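Everything below concerns the one structure shown next.
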Amino acid sequence: MNNKPRIGVYVCHCGINIAKTVEIDPVTEYASQLPNVKVARNYSYMCSDPGQLLIREDIEKEGLNRIVVASCSPRMHELTFRKTLAEAGLNPYFLEMANIREQCSWVHEDVEEATAKARKLVASSVAKARLLEPLEEKEVDVEPATLVIGGGIAGIQAALDIANAGFKVYMVEKTPSVGGTMAQLDKTFPTLDCSACILTPKMVDVASHPNIELMTYSQVEEITGYVGNFEVKVRKKARYIDMEKCTGCGICAEECRLKNRIPSEFDVGVGKRSAVYLPFPQAVPAKYTVDPERCLFLTRGKCGESPKCADACPSQAFDFEQADEMVEFKVGAVIVATGFDVFDASRKPEYGYADYDNVLTALEMERLVSASGPTGGKIVLGKGDEAYTPKDIAFIKCVGSRDESVGNEYCSRGCCMYTAKLAHLVHEKIPDANVRIYYMDVRAFGKGFEEFYDRVRREGVRYIRGNPSEIFKRGDKLVIKVEDTLTAKALEDEVDLVVLAVGLEPRKDVREIIDLLRLSQSGDRFFLEAHPKLAPVDTATDGVYLAGCAQGPKDIPDTVAQAKGAASSALILLSSGKVKVQAQIAIVNEATCRSCGYCVEICPYGAIEMVEANRMGHIVSVARVNEALCKGCGACVAGCFSGSIQQKSFKDAQILPQLAVLGVK
Amino acid sequence: MVDLDKLRTVAKETVSRDDVKYLIGWSQGTFGYRVSPHFVKTPQEVDSLTFSPLCSNNLATYLTLTEKLPVPRGEEPDTRKVALMVKGCDSRAVVQQLIEQGITREQVYIIGCPCQGVVDLQKVDEKLGEGVEPAQASWENGQISFQLPDGKTEAFPREDVLADKCITCRYPNPVLSDILLWDEVEVWGSDDYEDVKELDSKSPEEKWAFWQDKFSSCIRCYSCRNVCPMCYCEDCILDRLNPTWMFRSNNVVENTAFQVARAFHLAGRCIECGECERVCPVDIPLMKINRKLYKEVREKYEFEPGLDPESKPLQASYRPDDEEDFIL
Amino acid sequence: MESLKLSKEKLGDFVSKLTDKELLVPQKEGEALKFAPLAGEDMPELDYENTSVPPKNAVFPHTETMLQFELGKMDMQVAAGDEKEKVLLGVRPCDARAMVIIDNLFTWDVDDPYYVDKREKSTVVGLACHEPCSNCFCTSVGGGPASTEGLDVLLTDLGDSYLVQPLSEKGEVLCQAGADVLEKASDADIQGAEKAHEEAANKISRHIDTAGIPENLPSLWEHELWEEVSRSCLGCGICTFLCPPCHCFDMQDEVEGFEGRRCRTWDSCMFSEYTMHASGHNPRHSRRERTRNRINHKYSYYVDKFDVIACVGCGRCINLCPVNIDILDILSKVREAL
Amino acid sequence: MNDKFEPNIVAFLCNWCSYAGADLAGTSRIQYPANLNIIRVMCTGRVNPLFVLNAFQQGADGVLVSGCHPGDCHYMEGNYYARRRFTLMRELLEYVGVDPRRFHMSWVSASEGAKWKEVVEEVVENAKAVGPFDQFRRNKINW
């Protein structure tokens, strides 16, 4: 094939939009004189069917192999004309556009100036067009399966939606049971539904769904590959119990020598468990797990004569020899639903959380009021004979939220309403309680929120605007020092119980996920979505979606909505079965690559890796672009000192001639 | 203190190792105060190794300059280590090469030579003239003493004959080494970039005139690039014809572009060894331009290259709050 | 031709007589001393050892246009023949000899119009060395501090004046132009100059016996000395660019926008891309082969072809090599190996 | 300087923000000087700082690089790399005597058509004030 460029230049009048300020004929005539230009024409509307036909006919008759269209912005019609080229059997990337409308005729009034500029823009496009290369638009198959990381309500909802649509889901949950934070809640605001009642059926669905493979007490170790083709490695941690045999009867936990001596994670320390445990009664799967860090037999190699749990197990499910199991599988999409951590209240020492037993976090309070909690839902403090029911109860809001001093400038969105809910529950359980809430602002923005807030106030909960400065003990009471900012009065409020409305924070182990998927974080350190408005569940890594509080604090309805969004995004990918790969991507000349690795560091998508190459018998390391991951930004190109990495259609060799033409006076 | 016996003993032991290909050090040159890079393959060759205020050459450049010759079919490439003698500045070049994966740590055995500064041969020439017979120099109590061919000795205060880069040197001791030949020396230098600031304070016209005068004499011999331990592209884009970034034509415009491009590629990478300026046959003050970027990088990004092998390259990293005063 | 004398005081007057020609004299450009056109009223300064850049630039410019073209068009304009007459004043005899050596190449099979034009229009006024540099070895390669080869006029410093010896027709013409300020030289002047020439020759301290080298050098093709002497080479162009007889050039098309020129620029056999093939293969794949070629070319191939060593012993490559690669050291190693 | 002098400006614009912003200026019919010609790249991260040198050599009197505001990069980080690279290139150019009024960088988002006009005006005014940059031009007279 003769590769010598034969260029056609098509100057568009765009009615009078261009023709009014740019003299079309001289520009066309000028274009016809440019090197390698075989045909130069103009037409009233190049984008119209007759306009496009003109191009197609010329390609055929004149043997054109490069097309320059001087018209509107390529952001407007680049795809249109690429299609035109393709229809004429020409590679669509043999198109170059000169923007003589938005960036010329519409912004200049002087005909002479605008015409001169149009000439230059056309010449610049011709200079580039001479050097264009055909590009391939590749498609890759999508593995029809999804990995959901995290088994809270976000992960559960996303998994169920995808599974119900008929696609395989692998759900990986770090703890022994799905359920997440929602399982720990007593009631949900503003409707006061029982949290467990609405959640547990979904938990069971996840475990029993034929399309869902649930891996609890498991961890994702490695994700490689790219959209449509991720290779996942999961570590199923040893439970030391045969999942097949365990019936969940609980005899082992009863027998454990450490029974009621280990703080329960589920009850956030308010309750205790054994070394072999079920996190909570409704846990799914309802299988016991041996805590390898606590179990006497596992840590010391000895537990009395022999482990009582194993001896007692009616189904002989114990296996202390069990090892972690590695599972590998392929998925097309990944949903990250890893949730959040609650703010560690001891980071606000002025509130005395670490010092006083009767300063609780809201989540601890949640377990205290929960019917399934350690006190059976009774709000009692102290132990045994010293147990008492608090009467004066204060809530402090925005603990760890909207607080620059702890690095969290954001609002945690849920605290206002869960505080109202807890206040309501306290009132319900201790009718004569004096409940006050110290607040900065009340944000009751959701459906039914303002109504609920009103209801709670009507129930007698006092809202006092002020940010307590200190909490200290005076006798049996806790004293809250605070200024009521509405009355400008300094108060010392004596109470029996302080509940800190702690905010939501990114998980402490967030780094693990970032490293797995090369996700970015926004300023608040939660995962960064691809676009805050138009792509709120997508990430910069194609095929990876966000759901729930991993992306930022949200309440249950918002979490579920986002999970459904993420599921829908994944389903679009899975059901289309194919994914298009960017054509204008980076490519490495391995022969000149200097192995410095700058491109690898620079690439925001982890699309470049160093690989070994043989250079005349020597093993050298060179950069290689994963075509499916590259988004074609070109940041690596400008960072490559040896010019060994180039972006297709934006090569140095294609841009420099443009510069040369634009420089001509 | 410099201990040549120790140097030669260590060199002997090193080249005797099975995992060492050869050692690169310095030896007496063929005339005057010249010193040559010396490649030692056998223990018999170590006796001519030396270390003195004349050892300007940054030998780290040979780690990447030495060609990887085609390996004959059926043979394995020689992957043994190269042993390298380094001054403080040279060691920073090695570190920067490690950062940029130009070499791997296993490929190099670093013999550290704490250094009290090397001379500027032009300053020496002015004082002693360029002799024909080979002559030597040494550090003596804050002075540099020259053993002249006629048997006489002349000593000068260090600051009179030291290279400029050594007067302001803040890293006279190797920042990374496998073995240190003698005790570390006390750091004497500090650098406030007065020379850079002085030029910076001039008007654009004055600066342009200053550099045009310098760049007009450039003969494009590329010795500045080739000697630079950080310029290790096998195929420099400034040599390349497709695309053509720079013309080969020798004129002040092209020379300016070449020198600016070269300096830019060294931003955040130049370790101030001063070799480019030393080798320039037409005495272009290249360090003055490199040091400008060094200063900016240090002030703006609190970054110094060639100190920590684990650090991220400056031009392959950013901070969201990098300064941007000039951006509209 | 009759010897003349020019008082140093009248050097300026002499120069002012040559206004019809471009006058190139040693001048500082940046920090480098090189031959450059003398500006306006400036006085030539001839008290120097030698220029760091040799005057070959005047006849074989670092960059010169050969033809101009427009992309996509077939007509080209050849650029040659419009050279101005010029006078090079104060050229050292070694550098002048080098021009004669290069003449061989540029007039060998066909006359190179670009070179020949410049050469013919140049009058070379030499200045005999009386203080040779420490690394000069001109006397070992067929030259000397007062060699007249390639010169149209030779000046010899006599203290207050120069002895002016016209050596060619061009030289005569020049002396006639300046006849007003020149006087007749006495025998004492001529003897004084001869003595100075002899003294200068005796001051040269570095020597090499080249006998047998040209014929036998190629027999050392695979000798290990090449690796030894090239290991520290940086592959830069100092030794060749600053070598008066080195004359390699590259041809480049320089395109700007849609217009361009074909030009030739100095090239160096020490550059890695010098012998690079379009395929990427390089027959001289390391500095060993390149160094071997440089020495062989100067001391063997050129002798074979033109019967003269392509080295004038100016010592620039020795003085300016950043890593002390010393051609005399290489040649003595060659001698040992032979 | 010379009032008649019309500088020649080359601008590199990222596709997603500044190029779109310039398009918006067009659709809003905002008028600005015609001295500036745009080269579209996908991201300012693609703009090799050596392009600036080349632009001057090829005849530009001024150069502009414009991209998304920090944090808005379509590719997340490209403009951060560009910012660092051009900060250094600008310092370097200024140091060798290129008047800083010849090189500019701007953040113009897709919604800032009006800002784009202001940027163009400022860049053109600046280049006008310094005058033609023939000193750094590959000069055909040299041929």
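Read from first to last, the chains carry the letters A, B, C and D; within each, the first residue is number 1.
Please note the rule applied: a residue touches a chain if its C-beta (ideal position, glycine included) is under 8 Å from a C-beta of that chain, and two chains touch if they have at least 3 such contacts.
Only a predicted model underlies this, so the values are computations on that prediction, with no experimental measurement involved.
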Task: For chain C, the least number of touch steps when starting out from chain B - done: 1
TODO: Could you tell me which pair, A-C or C-D, is linked by more C-beta pairs in contact?
DONE: A-C
Open item on the list: Based only on mean CA positions, could you tell me how far chain C sits from chain D in angstrom?
Closed with: 46
Task: Gap in Å, rounded to a whole number, between the CA centres of chain C and chain A - done: 70
Open item on the list: On a C-alpha centroid basis, what's the spacing between chain A and chain D, in Å?
Closed with: 35
Task: Between chain B and chain A, distance of the C-alpha-averaged centres to the nearest whole Å - done: 47
TODO: Two or more other chains in contact with one residue: find those residues in chain D.
DONE: 49, 54, 57-58, 77, 81, 85, 137-138
Task: Numbers and ranges of chain B residues touching at least 2 other chains - done: 69-70, 244-245, 247, 249, 251, 315, 317
- [ ] Pull out every residue in chain C that's touching 2 or more other chains.
- [x] 254-257, 263
TODO: Name the shape of the chain contact graph, picking from line, ring, star, complete and other.
DONE: complete
Open item on the list: Looking at the complex, which residues from chain D come into contact with chain B?
Closed with: 49-50, 53-54, 57, 70-71, 77, 80-81, 83-85, 87-100, 104-107, 118-119, 122-123, 135-139, 142
Task: For the chain D and chain C complex, residues of the former touching the latter - done: 58, 138, 140, 143
Task: Residue ranges of chain B touching chain C (in the complex, touch as defined) - done: 29-32, 34-39, 57, 61-62, 65-67, 69-70, 130-132, 213-223, 225-227, 239, 241, 244, 247-251, 275, 278-279, 281-285
Task: chain D-touching residues of chain B, taken from the complex the two chains share - done: 196, 199-200, 204-212, 245, 247, 249, 251, 253-254, 256-257, 259-261, 263-264, 267-268, 289, 292-293, 296-297, 300-301, 314-315, 317-320, 322-324, 326-328
TODO: Could you please specify the touching residues of chain B with respect to chain A in the complex?
DONE: 68-72, 75, 77, 100-102, 232-237, 240, 242-245, 265, 312-313, 315-317
